[in-house]
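After this come two complexes, each holding subunit A, first together with subunit B and then together with subunit C.
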Partner chain A sequence: MSQVATSRRRVGFIAGFLVLPLALYLTFVIWPYVQTFGYSFTNWSGQSPTFGFVGLDNYTALMKDEVFLGALWHNLLLLLFVPALTILLALFFAFMVNVGGRSGAGGVRGVRGSAFYKIVYFFPQVLSLAILAVLFGAVYRSDEGGLLNGFLIRLGLVDPAHPVEWLNEPDLVLWCLLLVVVWHGVGFYLVLFSAAMQSIPKDIYEAALLDGAGRAQTFVKVTLPLLWDSVQTSAVYLGIAAMDMFVLVSTMTSGQFGGGPDHHSEVMATVLMRNFLYFGKSGYACAMGVVMLVLTMILSLVTLRATRRERIEF
Partner chain B sequence: MGSTGEGLGRRDLIKRSAALGLITVPTMSFLSACASGGEDGSTKGPDKAPVTKENPFGVAKGGKLDVVVFKGGFGDDYAKAWEAAFDKKWGTTSSHLGTQEITGKLQTRFNGGTPPDVVDDSGAQKIKLDVLAKGGQLADLAPVLDAPSLDDPSKKVRDTLIAGTVEQGMQGGKFVALNYVYTVFGFWYSGKLFKEKGWTAPKTWDEFLDVCKKAKDAGLGGLAHQGKYPYYINVVIMDLIAKKGGLEAMKAIDNLEPNAFEGSAAALAAIEAVYEVVEKDLLMPGTNGLTHTESQTAWNQYKAAFIPSGSWLENEQLKQTPGDFDMQFLPVPPLADSKLSFEAIRAGAGEPFIVPEKAANKAGGLEFVRSMLSREWSTLFAQQANSLTVVKDGVDPNVKLRPGTQSAVTALKAAGDNTFNFLYPDWYSAMDTEIQDASNELMAKRIQPKEWIKRAQAAVDKAAKDPSAKNNHRS
Partner chain C sequence: MTTVIKAPGEAAAERSGGGGRRTGEGQNRRSDGMALNVFSHSFLAVWAILIVLPLFWLMLGSFKTDSQIGGSALGWPSNWHLDAFARAWDKGIGDYFANTMIVMVFSVPLTMLLGSMAAYVLARYPFRGNRLIYYFFVSGAMFPVFLALVPLFFMVKRLDMLNSYQGLVLVYVAYSMPFTVFFMHSFFRTLPTAVHEAAVIDGASDTRIFFQVMLPMAKPGLISVGIFNVLGQWNQYILPSVLMQPQSGSDPERYLLTQGLIQLQQQMGYETDLPVLFAGVTIAIIPMVVVYLSFQRQIQAGLTSATLK
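Moving on, here comes the complex of A and B:
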């Protein structure tokens, strides 16, 4: 048998395996994208198979839509803070539970009780976002029945006649939501970073210890560089979560699909859904979807590029 | 050993493609929702029977009927009872779906051209009627109105309905939605609490503020409202406008006139009156951030004197209401020199039932709607869902009503023909949402009445520019 024939056969063999998944992928992933792109040039209402072609009208309207631009700004704010806060906290905790402790004999281990902390930190990850929304809804509740308000009123810090309306305060709402995301995410990244830290050979730490490095130095000079790959991946992951935020915002804040008060917690996904399902402007919403897709892709590429470092292998 | 590969290493490639794959996750769910089916082919209905007086739409015996109802505060037992009655009469096989996710379950069916035969399009996830109507998805229900009534064949169905029902179901000049449940809107209070404290139900806005003040002195809130859903406080605002300025002021808003809010003395007086509640600190603490169930339950626990809502409130709060609460309805008390009286109330039909234009058994759907307007089915509804229907005297007098519903019926009788109803929330979703946002800001004391007027007028002007605004007009 000639070589060409063999390789042809091999190609056929591999293709045979790939045809079905590829067809599924094309039908359920690529085709909707293409359709969305197409719809974004129409005035489709979303409830009817008929629509007219409007060219770039949706995109030009989008550039002037203050609500959407505001939502974009909020997404960017979240993009800045969600990954930074989550990763910093997760790194700190992971370091503490893995190598932060000091034992007499120069060993490398976590602080006392770290096995227990690891489990506790992971708890929030077990909860779905929907449960989280209900849970924090009770925390942020705007009368004295709310956990935070009840606590602050007991302490005498808040007037019971004027409790803090956490999710109804324009200046607070976004930060309240940010806190929920970070609270939810830290546990997972702690476990991720823990796993990465445990694969770092102990002798590196021991060498650093012998050289007289303190905790902070050990972290900055040894741990962080060796974890860089994980941190980078986490940043991309969290960045994408920050670009989404739909579930929390839509269930916890006021307004049709959330975003209230007065658009102060609006994210792109909530504006999209409101236009898509409530205002009957589905073509316009599809244009938003395309913009979201493009932005998220750009951001992911930029994150991967900007954080590229020399890899240290061990 | 420190090294990094030139170009694209294998690990890099995998990592990157994984990252790109992740991107698709959040965006995907929206994008795939955008995908609609292709154009529909011609819908094939069952064979039609000849049209007779007893069978005005030509329903064929046998066949299928596909019913989808919103399973909310009224449950869906009433619909099952109807379907059983329908099947018995016409020999059909009904399929029943009671759900809260009307949009989720039906959007693809509307897009694909295979909608059900009858839909109760209600609840938070209803498909907006203006959207469906614009897409040509709704059958004209006028033939039902002109068909003979099942109770008295000498009468048309049209003549057995409470006034306003037909107007409420119009979209673009066509009667497309039968709003079946008759609802009154206003304030609600506890008869027990008022008796205990020696308060009397207010008849003017000043008296209303007085009771709120007394409540505050007694350590309760005056007015509670469902702050997370400004829809409710808008009922109060709009009713004050309609009462102060008369029906003309109401129609100016529905007809998107350039002076609907700006330059309207009635609108300014109304919004200033509502703002007085905020300014004098008469709101229940925290009410601005509460959901409807949270604030209504607090009100049920005697934490506030009044709450605004429609007459579904009693059914909705059934479990939270103390047995001796004695729920009472109060029309929104008017401002001084109002054109409409205290007794005038916003009353309207809700819970829209529609027949899709492309329904497979459209005749069956129409016949179903006609049957709903018979006394037999109307009584079935009142028994199962504890609410009134739009059929005049449609409930057997032997059905005993709860105190809240009873007080609503009394108020309705006192109002007589003195009822009104706004149509803009059904006609202009975006405008409604924008006014709600402004009201939320006002109640939180972040904007002043003048700013509210400006924002409300801006919402009206924006809606007026929408090409579909031409289709809606009330006179």
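Moving on, here comes the complex of A and C:
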């Protein structure tokens, strides 16, 4: 009898604890995700309650949409360069900070002031993308007032009469944005890799040292394989960030929701937002959302697959 | 530079070196170590400067005049007045700040509470459909927010919660759920069952055990996810920029800080009052600097563990 009462009370407890989180999550996350798939097959404008079913029309139109395809290409470029640059720099610095100060018989240690470097490097991580957008908007200003132009003019590398139009130069704009992402991310991944490096037993390094391994060799043969899991995770995270890019592009570049000059910095997210909020093509925008989802999933799977290696236990 | 100074361990190790051959080798290695140290430090220092310089330059800019900013990037401010800060405050930075705070005062505790509740039940009570609900929660972390944006807007609109604090709070909580549940789930699993059993024998109810025993024990996990959520929600831009727009002329402006800064940037582009923009950003950065410097250890550890889990 009391057994039944207890189990009934337990069911009530479980349900009571789950009902609110589940309800919120279903309403604001899952249901909109599901709806997106549905809307992507319609010509819904977003304004009127009526819309027609158009099958795959939105998707075939996407394949012919030059702006969207250009944006897709930019996302793929970022996808390649953002993780590669960020991870390489972070690994390099992490190795310096943690193993760089090593010396002969004294064992392996980080450089002096490694704590200081970690504090400084990590800081951009707590800044919002909106702050980054304003900050780098000012750094990349296309007159003498921009930090970058100011320096280059002072060094005599740039003619003061014709400063570099960083964010208005079709060939430069995407790379300028890329550097902001790298600037923002390196410190975080440095700390992430440092944490992983510190869990590597010191005697492994000392053994490598005794065997006469140089610094580069130690890094490639010892550190990197043992860090592989974190590198892999980082690649996926950075890849997802590179698929997004909305905040920086929409706020730092010209055009409605950014993307300028002449679509040279366009990414999928900005095209989506413009179609949704500006052109009133909600169904079409939903189709872009679905494409982004599929690409993100493929990306995660490919990254995890391609970088799969045998796990090293220590 | 301090790099040339020998570390104590280094010197001691050298002294302890025995035979001639070993000493020679030690000497060799030592100079090698020093060269490497200089090498490491120069690279590290360059990056440190690249981080600090733009921020410092921007903060200096809030003391300059507009023509001074436009004229040359590298000048030192001619006056040290705070009027740009006052003007930035008048432009609404203070209100945007307050709006962000109001939303987060509700959204962060609610995220932590609801996320922990769901995670706890899923981690420690086997029942039919447990795994299914767990994966259901966690799968949300895989999808880009953009995928949901269009229907989400209309969902919130239908609930008549566009441009309202409570609407944004609920959306923030919902979107923070996947990660919070995922992290807290693995945390609750590691807690010992013995404590739980002891509490049951003492006659505590399930709810009481959760609030008085398990939740306090999960404090380290809560701090990690808490930092993750605070930073994530504080820096959120896309959700508020879609959901927190005045819907009519009479609607109050409830921009959050991130939105407000971007709006200020656009305004100042026309009005050419850059010191105000720089001051606005400085106002937004300074609390982050203070919080970061006070808690940098916890923030670094929290974000790192939250990401690696």
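Going forward, the second predicted complex is superposed on the first by the 284 of 314 C-alpha atoms of A that agree within 3 Å, B and C clash if a C-alpha of one lies under 4 Å from a C-alpha of the other, contacts with A are read in each partner's own complex, and residues count from 1 in each chain.
The rule is short, and it goes like this: contacts are C-beta pairs under 8 Å (C-beta built on N, C-alpha and C of every residue); 3 or more make two chains touch, one makes a residue touch a chain.
In this text the structure is predicted, and so the values were computed from the model without any measurement.
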Fit-or-clash call for subunit B and subunit C when the two complexes are aligned on subunit A: clash
Which superposed partner A:254 touches (first subunit B, second subunit C, both, neither): first
Touching partner for A:168 - first (subunit B), second (subunit C), both, neither: first
Which of subunit B and subunit C A:111 touches, first, second, both or neither: second
Which of subunit B and subunit C A:48 touches, first, second, both or neither: first
Partner chain in contact with A:131 - subunit B first, subunit C second, else both or neither: second
Greater residue coverage of subunit A in the superposed arrangement, subunit B or subunit C: C
Contacts of A:307 with subunit B and subunit C, given as first, second, both or neither: neither
Subunit B versus subunit C as contact partner of A:33, first or second or both or neither: both
Which of subunit B and subunit C A:276 touches, first, second, both or neither: both
Touching partner for A:93 - first (subunit B), second (subunit C), both, neither: second
Footprint overlap on subunit A, comparing subunit B with subunit C: 28-29, 31-33, 35-36, 39, 46, 141, 143-146, 149, 233, 237, 240, 243-244, 246, 269, 272-273, 276-277, 282, 285-286, 289, 292-293, 296-297, 300
Touching residues on subunit B, where the partner in the complex is subunit A: 1-4, 15-16, 19-20, 22-28, 30-40, 103, 107, 110-113, 127-128, 130-132, 134-137, 227-230, 281, 284-290, 294, 298, 429-430, 433, 436-438, 440-441, 444, 446
Touching residues (chain side subunit A, partner subunit C) in the complex: 9-11, 13-14, 16-18, 20-22, 24-25, 27-33, 35-36, 39, 46, 89, 92-93, 96-97, 100-107, 109, 111-113, 117-131, 133-139, 141, 143-147, 149-151, 154, 183, 186-188, 191-192, 195, 215, 230, 233, 237, 240, 243-244, 246-247, 251, 268-269, 272-273, 276-277, 282, 285-286, 288-290, 292-293, 296-297, 300
Subunit A residues touching subunit B - in the complex, by the definition given at the top: 28-29, 31-33, 35-36, 39, 44-50, 140-146, 149, 160-163, 165-168, 170, 229, 233, 236-237, 240-241, 243-244, 246, 254-256, 260-263, 269, 272-274, 276-280, 282, 285-286, 289, 292-293, 296-297, 300, 304, 310-314
Touching residues on subunit C, where the partner in the complex is subunit A: 2-3, 7, 9-10, 12-14, 16-17, 25-26, 28-30, 32-34, 36-37, 39-41, 43-44, 47-48, 50-55, 57-58, 61, 69-74, 114-115, 117-118, 120-122, 125, 127, 133, 136-137, 140, 142-144, 146-152, 154-156, 170-171, 173-175, 177-178, 181, 205-207, 210, 231, 234-235, 237-238, 242, 257-259, 261-262, 264-265, 274, 277-278, 280-281, 284-285, 288-289, 291-293, 296, 299-301, 303-304, 307-308
